[in-house]
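Presented below are the structures under discussion, each in the form of C-alpha cells.
Look for chain A in each of the two complexes below; its partner is chain B in the first and chain C in the second.
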Partner chain A sequence: MNGSDVIIIAPLIAAIATAIAILVVDIVVPGRTNAVIATALIGLGVTAVVTLTVGSMPPTTAYGGAYKLDALTTFLDLLFVAVIAMTIVFAPDYLAPRRLPVAEFATVLVFAMSGAMLISASVDLLLLFLGLELMVLPGYLLAGYHKSDSYSTEGAIKYFLLGSFSSAIFLFGLAFVWGLTGSTRVADVASVLTQVVNHTLPFSPGLAMGFAFLTTGVAFKIAAVPFHYWTPDAYQGSPTPVTGYLSVGPKVGAFALILRLFVEALGPMKAEWLPVVIVLAATTMTLGNLVALTQDNVKRMLAYSSIAHTGYMLVGLAAYAGGQPQGLEGLLFYGAAYSFMNLGAFAVIAALQKRAGVTSQLATFAGLGRKEPWLGVLMTLFLLSLTGIPPTAGFFAKAVIILAAVQAGGWVAFLAVLLVVNAAAAAFYYLRVVVYMYMRDPASDAPPLRHGRLMWGGLTAATAATILFGLFPGLLLGMISAAAGALTAAG
Partner chain B sequence: MAIPSTIPILGLPWDDVLFVILAGTMLLAGLLVVTMRDIIRCGLAMMVCFGALAGIYVMAGAPLVAGAQVLVYIGAISVLVLFAIMLTQTKVGPTRLVFQTQAVPAAIAAVILVVVLVLTIGATQWGGTGERGETITADLARVLFADWVLPFEIVGVLLLAAVIGGVFLAKRDRPASTDDVE
Partner chain C sequence: MSNLWYIAGFLFAGVSFVFLTIGAAWLISHRNPGDVHKGLPYESGIDTYGDTHGRFGLSFYIYALLFVAFDIEVVFIFLWAIVFRDLLISGFISMLIFVGILLLGLAYAWRKGVLEWR
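Moving on, here comes the complex of A and B:
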C-alpha cells in the first residue's frame, strides 16, 4: 500500500466520510432535518466531483490488483451517487409525518452506497463479497425502518433471512472457486478458465459447483425468478422511499457484481453460462409481468414489475454472451434509465403518502390527474417510460437491448421476441394506473397536499433524466460505451 | 514412550480420527441449535459448536485463529447472546415454530443437495494438499495489514454500519407516533 492507492480509492473514502459526517452533524445539532440533508447532499456532491476527478486518470489498479479504477467504475459510481441523492431528497416528505428520523436513514443509505461503489471497483472475489454485504446490510435495516408497522418488520425479516442465506451461498461458492483456482483475483480466475476452455486444464465438477453457487447467490440479489420470493413482501412492507431505493440501488449494484464476475472472471466460459442466463431471463421477465398483472397495490405491482426489468437487463447480458458486446451497453443504459424512472414513480407514491394513512392501493390514484395535475403528469411520464414508449429513456434502453439480442441471433433472438411480448403485456398494468388517474373520480375530496421543495427538486431531476436520456441518449452513450469497452478489454 | 503415528488397532492416522470427532461434534451441536425448543439450551449447544470449530482450526495449523475463535465467539458472543436471552425472554412463547410448514420439502431438498455436494467433491481433483505448516502470527499480520488491508478496513466500515442499524432498531421509540397501515 502506498499514497497513490489512497488517491485511487478516494471516491470510496469520500462516500464513507459523508456517511460519518451525517452522523456527526446529527449528534452536534440533533433533530435538524435540514442540516442533515444539506450535509448529505454536499457530501454526495463532493463524492461525485472526486469520482469525476479520479476517473479522469488513466485506468489503474490499487491494493495489489484488488481494486480497479476504470470507466465502468466511474460510470457506476456516478449512477449510485445520483440514486442515493434522489432517495434522500424524496424521503423527508414520507418520513416526517411518521416521525421517523432522517439522519439514520441518510447515514445507512450512504454506507450502502459505499458498498455499491466498492463492488463497481472490485476485481477480487473477496472484496466483491464484502462490497455486496456492505451494500445489502443497510437495506435490511431500511426495510424495517418503520418499526411500529408490522408489515415493515415482516418484510425486513424476510429480506434479512433470505438475503443472509443467499450471501452464505455466494460465499460457499467463492470458497470452491478459491480452492480450485488458488486465487480470489478476478484476473487469475479468468486465466485459469481460459486454460480450461483451451483444454490445457481439466474442468473439475467442483469448479462447476462453485460457479453454480455464485450464480445462485447473485440471482437472489437481483431477484431473478425463481429466486425472487423475498421481493414482493420486502418491497410492499418497506417505507415507500426505501422501496424505491431497494428496487434500484441493490439491483444495479448486484448487476455491477454480475459484470465483474460473469464478464471479467467467467468471460472465457461465456458459451457455457449463456443457456443459464437465457433461461433466467425468460422466466424472470415473463413471470414478473404475469404476476404484476394481477396486483391492485401499486407498490406490490411495481415490485413484480422490477422483477420483469431484471429479466430485460439479463437479456442484455445474454446478448453479450451471444457475441454482441453492445448487449453490455444496453444493460448499462437500461440500469441508468430504470434507476431514474423507477425512483421517480416511487417518489410520486411517497408524495401521495405524505398524508399518513394513505395506502398504495390502486384506488389512491383515482382522479389524481385532476386533483394534483403535476403529480399525475409526472407519474404518467414515469409509467410510460417503464412501459418503453418513445421518446422516454425507457424506450431507448429497451431498443438497445432488443437490437443487440436480435443481432446475437439464435435463442438470444428469441429472448428479444419474448421481451417485446412482455413489454406489451406490461403496458396493460402500467396504463391501468394512468386510467385510474384520469378516468376515475377521486375517492375522497381531501384538499391536495403541499409537497416540499426537495420533493419537487428530486422529481424534476428524475423527469429531466427520463426525458433527456430518451431524446439525447448520446449524453450517456459516450460514458457507457467506454465503460463497456473497459469490461470487454479485460474479459 | 512415543505415541504411534496411527491408532494401534485400526491403522487410521490420529489426525483423521480427531477431525472426524471434531466435525461430528460440530454438526451434531449445530443440529441441536436449530432443532431444540429451549432457547437457552440452543445457546449452550452453539458454544459447543464454536468450540469444535476452534479445534478444527488448531488442526489446520492456525492456532491464532483458534484462539480468536475461543475468545470472541465462545467468550464474548455466546455469553452476550445468553445474557440477551435471559434479560428479554418471556416464558410464554409459541411451542411450534411459525415457519415449520415446509419441513418435508426442505428436508428432501437438503438431502439432494448433500448428495450432489458429496458426489461433486468426490469427483474433483483438489490438487496437492501441500505441507501442513504452522501459521506464524507475524506472517498473518503481514498478510492482514499489507496485502489485505483494504478488505480489513472495509470490514470495519461494515461493522460500523451494522452497529448504527442495530442501535436504531433497538432504540426505544418516542411515544405517540402516528401509526399508519399500508
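Moving on, here comes the complex of A and C:
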C-alpha cells in the first residue's frame, strides 16, 4: 500500500466513513432521525465530491492492478450515491410509523453502496466476488428489516437462500475460469481468452462449464428468467423503501459486474456468449411482462416489471456482443433512467403507506388523483417513463437500446422487435394504475396524509431526473459514452 | 464433439461418485442388528441422556456475532505481527484504524444494550 493507492480508492473510504459516521451519530444521540439523515446526506455528498475529484484524474489502477479507476467507475459510483441518497430520503415516512429504526437502515444501505462501488472498480475476479457479497449481504438484512412482519421475514429468507446459492454457483464458475486461465486479473483472463479464440490455445470443456456457472450466478443476481423466482416474494415482502432499493441498487450493481466480467474479461468470447444473452433477454422481458399483466398488487407488479426491465438492459448487452458498442451506452443510460423512475414509483407507494396498515393493492390507488393530486401526477409521470413514453427518460433509454439492437442486425434485431412489442404490452398494466388513480372513486374517506419535506425533496429530485434526462439526454450521454468507451478500449 | 464427451464424463464421474461411496459403505460395513448402541446418535462415545433436541437461548447469536468479529481480528493481527518489522509506522496506523472500527462495533453493541443478559 502506498499513498497514491489510498487516493485512488478515496471514494470507497468516504463511503465507509459515512456508514461509520451514521452509526457514531446514533450512538451519541440515539433516536434522533434528523441528525442521522443529515449525517448520511452530508456523507454521501462528500462521497460524490470525492468521486468527482478522483474521477477527474487520468485513468489508472491501484493495488497492483486489482482496482481500476476509469470513467465507468466514476459514472457508476455517482449513480450508486444518488440511488442510496434517494432511498434514505424516502425511508423515514415509511419506517417511522412502523417504529423501525432509521439509523441502522441508513448504515446498512451505505455499506451496501460501498460493495456496489467496489464492484464497479474491480478488475480482479476475487475482488469482484468480494464486492458482490458486500453488496448483497446488506440486502438480505434489509429485506427482513420489518422483523415482526411475517411476509418480510419470508421474503428475506427466500432472498437469502437463493442469493447465497447463486453466489456459490458464481464462485464455482470463477474458480473454473481462474483454474483454466491461470489468473484472477481481468486483463490476463481476457488475453488468455483471446488466444483461445485464435485457436492458439484449446477451448477446454472446463472453461465452458465455468462460463455456464458464471452466467447462471449473474442471471440470479439480475433476476433474469428462468432465475427470477426469488424476486416477487422478496420484493413484495420487503418494506417498501427497501423494495425500491432492491429493485435498483443490486440490479445496477449486478450489471456493473456483468460489464466488468462479461464485457471486459470474457469480451474476446462474445460470439460464444451472445446466443445465451439473446435467449435470456427474450424470455426475461416476455415472461416478466406477461406475469406482470395479471398482478393486482402494485409492488408485486413492479417486481415483475423490474424483471422485464432486466430483459431490456440485456438487449443492450446483446447489441454490444452483436458488434454495436452503443449497446453499452444504451445499457448504462437505461440503468440510470430506470433507477430514478423506479425509485420514484416506489417512493409514491411508500408515501401512501405512511398510514400503517395500508397495503400496496391496486385499490389503494383508487381516486388518488383527486385525493392527493401531486402524488397522482408524479406517479403518472413515473409510470409513463417506465412505459417509455416521450419526453421522459424511459423513452430515450429504450430508444438508444432499440437503435443499437437494430443496427446490430440478425437475431439481435429480432430482440429489438420483441422489445417494442413488450413495451406496448407493458403499457397496459402501467396505465391500469393511472386509470385507478383518475377514474375510480376513493375506497376510503380517510383524509389525505401529510408527507415529510424529505419525501417531497426526494420526489422532486427523481422527477427532475426523469424529465431532464428525457428532454436533454446529452446531460448524461457525455459521461456515459466516456464510461462505455473506457470499457470497450480495455476489452 | 469430444468436448461434449468430456462433459458427459464429468457428469458421470460426479453422479457415480455418490453412488459408489454409498454402495461401498453398504458393502463393507457389517450389520448385526442385535447391538442397540448402533442405533444411538454418536455423542463422543458416551450414552446420550435426555432429549437430543435441546433448546438454546436465541440471544446467544449476538455473542456469536461479536465472537466472529473478534476472531477475524485475531486472524489479521497474527499475520500483521509477523510482518510488523517491514511495515512499521504505516502498518501500525492501518491496524489502528482496523481495530478502531471493530471497537466502534463493540461500542455500538454495548450502547444498544446487547451485552446485558436477558
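Throughout what follows, the second predicted complex is superposed on the first by the 491 of 491 C-alpha atoms of A that agree within 3 Å, B and C clash if a C-alpha of one lies under 4 Å from a C-alpha of the other, contacts with A are read in each partner's own complex, and residues count from 1 in each chain.
One rule holds for everything that comes next: contacts are C-beta pairs under 8 Å (C-beta built on N, C-alpha and C of every residue); 3 or more make two chains touch, one makes a residue touch a chain.
Everything numeric in this text was worked out from a predicted model, so none of it was measured.
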First, second, both or neither for A:Leu141, with chain B first and chain C second:
first
Touch check for A:Leu23: first (chain B), second (chain C), both, or neither?
both
Chain B versus chain C as contact partner of A:Arg98, first or second or both or neither
first
Regarding the shared-chain residue A:Tyr151, is it in contact with chain B (first), chain C (second), both, or neither?
first
A:Phe203 in the overlay: touching chain B, chain C, both, or neither? Say first, second, both or neither.
second
See if chain A has more residues touched by chain B or by chain C, and give me that chain.
B
Which of chain B and chain C A:Leu130 touches, first, second, both or neither:
first
Once chain A of both complexes is superposed, is A:Gly357 in touch with chain B (first), chain C (second), both, or neither?
first
Using the superposition on chain A described above, determine whether A:Arg32 touches chain B (first), chain C (second), both, or neither.
neither
Kindly list the residues of chain A that each of chain B and chain C touches, one partner per complex.
1, 23, 204-206, 208-209
Show which residues of chain A lie in contact with chain B when the two form their complex.
1, 9, 16, 19, 23, 62-64, 66-67, 97-99, 104, 107-108, 111-112, 114-115, 118, 124, 126-127, 130-131, 133-134, 137-138, 140-141, 144-145, 147-149, 151-152, 179-180, 182, 202, 204-209, 236-237, 299, 356-360
Quick one: in the complex, what on chain B touches chain A?
116-117, 119-121, 123-127, 146-151, 154-155, 157-158, 160-162, 164-165, 168-169, 173-174, 177-182
In the complex, chain A touches chain C at residues 1, 20, 23-24, 26-27, 30, 203-206, 208-209
For the complex, give me every residue of chain C touching chain A.
3-4, 6-7, 10, 90, 94, 101, 104, 107-108, 111
